[in-house]
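One structure coming up, written as structure tokens, with questions to follow.
Labels A, B, C, D and E are assigned to the chains in the order they are written; within every chain, residues are numbered from 1.
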Amino acid sequence: MTTLAEELNPVSPEKLVVDAVSKTFRARRSAVPALDNVSLTVQEGEFVCLVGPSGCGKSTLLNIIAGLEKPDSGQVLADGKAVTNPGRERMMMFQESALFPWLDVINNVMFGLKLKPNLNHQERREVAEYYLHLVGLDKFLEANVHELSGGMKQRVALARALAPNPRVLLMDEPFAALDALTREQLYSDIQRIWQERRKTIIFVTHNVREAACLGDRVVVFSPHPGRIREQFSIPLPRPRDINSVEVAQYSGEIVKALKQYLPATPETVTANS
Amino acid sequence: MTTLAEELNPVSPEKLVVDAVSKTFRARRSAVPALDNVSLTVQEGEFVCLVGPSGCGKSTLLNIIAGLEKPDSGQVLADGKAVTNPGRERMMMFQESALFPWLDVINNVMFGLKLKPNLNHQERREVAEYYLHLVGLDKFLEANVHELSGGMKQRVALARALAPNPRVLLMDEPFAALDALTREQLYSDIQRIWQERRKTIIFVTHNVREAACLGDRVVVFSPHPGRIREQFSIPLPRPRDINSVEVAQYSGEIVKALKQYLPATPETVTANS
Amino acid sequence: EKVVLRVGHFSNVTHAQGVIGHGLSRQGKGWFEARLGPNVEVQWFVYNAGPSATEAIFAGSLDLTYVGPNPAINAHLKSRGEEIRIVAGACSGGAALVVPPDGRIKTDADFRGKKLATPQFGNTQDVAARAWLQSKGFRVRMTGGDVLVVPTANADQLPLFTQGSLDAVWTVEPWVSRLVLEANGKVYLEENSLWNQTQGKYVTTHLVSRVRFLNQHPELVKQWIAAQVELTTWIKQHPDEAKKLFNDEIKVETTKALPAPTLNRAWEHLTLTDDPIRASLVKSANDAHRIGFLKSEPDLSKIYRLDLLNAVLREKGMPEVP
Amino acid sequence: MKRRLIAALFFLMLLGIWELLCRAKIWSPVMMPEPLAVGEYLWESLRDGTLGQATLVTLRRLLIGYLAGVAIGLPLGLLTARFKTVEDTLGVIALGLQTLPSVCWVPLALLWFGQTEMAMLFVVVMGSVWSVVIATDNGVRTVPPIYARAARTMGSRGLHTWLKVILPAALPFIVSGMKQGWAFAWRSLMAAEIFVTILTGFGLGHLLHYGRELHAMDQIIGIMLVIIAIGLLADKILFSPWEKYLHRRWGTD
Amino acid sequence: MKRRLIAALFFLMLLGIWELLCRAKIWSPVMMPEPLAVGEYLWESLRDGTLGQATLVTLRRLLIGYLAGVAIGLPLGLLTARFKTVEDTLGVIALGLQTLPSVCWVPLALLWFGQTEMAMLFVVVMGSVWSVVIATDNGVRTVPPIYARAARTMGSRGLHTWLKVILPAALPFIVSGMKQGWAFAWRSLMAAEIFVTILTGFGLGHLLHYGRELHAMDQIIGIMLVIIAIGLLADKILFSPWEKYLHRRWGTD
């Protein structure tokens, strides 16, 4: 049996390998090649950001890593084992919060915990409260989802994703629908939590500045079909400020690279929106 | 009979006088003093911005000027005549677009025109098309409201407000719900249109940078009860860029003044959100 | 100017004068029309239950109708004596209590806890059945009691009786005959055995008139009564022709003629009469009051207007009615 | 394509089993007619005009009563939304009568109007009017006040505002109320026709009733099929276009 | 306070005028009873137990039939939403039968089950089940797929997803479908009771019918009032709490 202490402790090293994954969506008449022979290795505890214009297959790749979709060819290895199904070790966060409106905040966070064996109700509640505290929402345990602001919703979603203590966090544009101010607060929150809980994070975004601010590494995609084009290391110290000159410099570099691959549609990726 | 040419031409000089207006909202138990002895004079063709924290009575003042509400004491003079009812000479634009979802774009713009006598259907349509062209929406005459983005909606609302050729445009935080990029485009649009069509504009906002960028004059309100505290002239040349250093300097000054009047709640007004 | 006379009846043997009159009108050989003259147009309406007919009288959409005694009493009392008058009789007898052949009911005591069907809530047989049950010492309420009286449409009674869902049926011709002939029912009690004070006669059908119409056109009503008296006599003299006329019209109205044995048996158990048999009506009303259908002591002082009938009978040299 | 095929196959099989059960006398003909008998009945009654006439009678009653109901309900709903006094009086009555199954009006209607067309119309009106009143009231109340204010600044006043702003803005609610009113009116008319003989014409309900009286199962099932068809058609013809229009305009769904 | 007063005054006046019109013989007592007579009838029939018993009989029929309808409809709705084949077959049947006024089942029910409790239950079930099927199906289809995906990443599978995610997410639709089913069931039960004698017990509909047979206007109006009261109460007791809960949770309205 896992004890409460174990449950809240950091976990053993591990890494993700995406190995020559391809995926084409076939409709009645058309076939959209979403990913073409994509390979990527993520180290234990690494914070990797994927940027690229709309439709370049970022979400598709994340879904495949999560096990929500199957690749046409290639495979994803987590800890050396092939991923075939979604699992608690790899939690996903979506652009819309996907919180369950029929549950209050704490029960949303406890949803995943209830599916974890070896924990009694009291322990589950404690874990949930711990993570809600981590995201700064101690006061809203019993609130209804619709009573929360957009930023608070994504905080709850983050707590819900963290609660089952996954090794990998897959985040699909989690902050895209928020306003600039709220977003900035969440940048520092996510950096703080990442440092405290040592997760491996794959973070998808449109926003290059965001990627440069958060990632250890930024992976640039190009569309039709989705391919990895370039990778940038961002060796800046943390916590980083999105408005800092250093971040702006890196993001400038990345934007330059991006523009190479998409001469036609410059407005889809913006350096700072 | 007004001809189409006259309809689209600039109008004779005119000004607005707000004379010692007070207004208190009385509910069953409580009484909220919204405006206390507010006086303000606006020149023909002037662009005046009202800034102040939430609840300082900006919307109330605008409603009174529009004739949608009655002051408890004092009066509003338009062209020397007392305002008692809403009228086509003073058009209002709201934060939410207030477009009618049961009409398409062009019919929304024509709604006000249909209430104007002395125009036949063909002329009305031409006027509506002219203004939709002015805001850059020629391609969306027959679109449904829900098919437009937030920025496009406010453009249509602007065209609708301009179409009956009012002398005064009252704008109540028209861009507050938009994202930064869209907002910036609209700043230049509104400046261009203001210069082309020579309207008198009263523009309410939370955003001091926005006020400094748009206004000839910025009027600072303080709440409980709503009072005018200070006025700033912004003698910068147009078109102005919201990211320019000069605008930033003026807005810094205004923020400083604002902070004097509201020590307790600094987050309600931001220099740049 | 033509006067329109709207007349109602049921598709039932107990309304033989109405059915045959309607049939003759349909064939263009109008019995009543011939006797009312060219200025009168007769419109026939077919009802399937007393209340619908009296409703039509209330609503002013019907002038004369053949109807059973209790709906007439009810309508008279509920309208405080202002809407309808009985102007003649039409039919007597024909009601009986029928039980299944399986012998589940042998004596009066066997009715306890059983289901007894009547054609309609508060109609003549319903009142008679409840009154009889009470006289046998059973406690009977409107919707419960020692014996459950279930008002069930005649058409439903037959299948339910055949299935054995009903333990007894108190109904009227031709249904008594159908129960006996088609479902092997046994007549437990002929209702005329209960009417000693009127020599076994009791009213089954009346002719009823709307008060306002009666006041406007008394002469017309009198002519109608005269025609009916002649028709009654004719029917009695020509039973076979009458039965054929009757059955032809029934076939038109209900799409199905009565089988000959049923019609014959039913015909024998009925007496067509122009006498409204006042004494039996009074007793029915008192029974209805005793059982609780009528809240107050029934006041029937104004329900009859028999001077027209008696005038007709006088003119024809027939005995007048009380 | 493949889905359609499977569905068609399923329904054919259903018919087959039904016919078989009847043929094998497992289902007695007084309990269930053969499918062929139903078809025959429908064909016969179509040919001799019974069916067509009954359908016409029923539809005329329904349409007239329903249109009257909507014509009465709409202004009443606007009144309850506009005036507090009307809301407190008529609105309360509407709420109560809305929960009253309109078939309960049948006995009263018969007493008041006799077995006439008016009685039927009354029942249909009572079935539809309250749903329309309540939906209109509700719709008008949910109209964002900003629409009316925007219209006022553009010079709209009084009746113009009601007709050109409030009413169209409340339309989605009104249409769904009208749909409910239709469903209730249709149901109560059927109930009334099945159980009450109306001297001025036989409707579909009467045919259904006579089917029972004659134990003609083919007629019962046949008429039920016709009633289903009419219900589906009414939906397609009366409400689908409106709803599609609203969805397209409002962008709901 | 003032509004209540005006409303109360209005209703008192209404009663007063009604009483006056009756007293002055402008309204005949066969067309409209005096209000006092209605009160008297209600009091009398309450005292002698007729009213109480009839209410019980009706409510028992309604509740049992309705619960059966929901219990059958819910899983069927889930099935039609889950399996294309069920959608193409059962779903089509549900759509058709939903438009069929359930009172049309009365003749069939009487032939199949006789004048028994089963016939009434059958009609009530037919009244409620299709609304529930369609609302459930519709509700499940509108559940944003992201809920199910989020649940899957948290380890939810199969039945757990259906019970803990799909069903609660579809609840607002299901409840409104249940409400519609209730309205239809209530209406068809009343229709059936008014027009058909059931050998196993007299319900409110029967009392209404007997009121007509006896021309007892006080009874007719009295029973109608009782039916309205029950309708309002049912709404308050059965659905209001659910709807309030949903509004609070979902933040709708």
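One rule holds in what follows: a contact is a pair of C-beta atoms (placed from the backbone, for glycine too) under 8 Å apart; a residue touches a chain by one contact, two chains touch by 3 or more.
Quantities reported herein were computed from a predicted structural model and do not represent experimental measurements.
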item	value
Touching both subunit C and subunit D (chains)	E
Shortest chain-hopping distance from subunit C out to subunit E	1
Euclidean distance of C-alpha centroids - subunit A vs subunit C, Å	87
Where subunit A and subunit D are represented by their mean Cα positions, the distance between them in whole Å	52
Chain centre separation in whole Å, for subunit C relative to subunit B (CA means)	84
Distance between the centres, which are taken as Cα means, of subunit B and subunit A, whole angstrom	41
Touching two or more other chains - residue numbers and ranges from subunit A	none
Touching two or more other chains - residue numbers and ranges from subunit D	110-112
Sites on subunit C at which at least two other chains make contact	55, 58
Residues on subunit E engaged by subunit D in the complex (per definition of touch)	3-4, 6-7, 10-11, 30-31, 84-85, 88-89, 92, 95-97, 99-104, 106-108, 110-112, 183-184, 186-188, 190-191, 194-196, 205, 208-209, 211-212, 215, 217, 220-221, 223-224, 227-228, 231-232, 234-235
Footprint of subunit C on subunit E - complex, ascending	28-31, 48, 50, 53-54, 110, 114-116, 197, 199, 202, 206-207, 209-210, 212-217
Interface residues, subunit B side, partner subunit D - complex	66, 68, 86-88, 90-92, 94, 96, 98, 100-103, 111-112, 115-116, 144-147, 160, 164
Interfacial residue positions of subunit E with respect to subunit A in the complex	144, 146-147, 149-156, 160, 164-165, 168-169, 171, 248-251
Subunit C residues within the subunit E interface of the complex	49, 51, 54-55, 58, 74-75, 78-80, 82-83, 115, 120-123, 141-144, 148, 150-153, 156, 159-160, 163, 165-166, 293
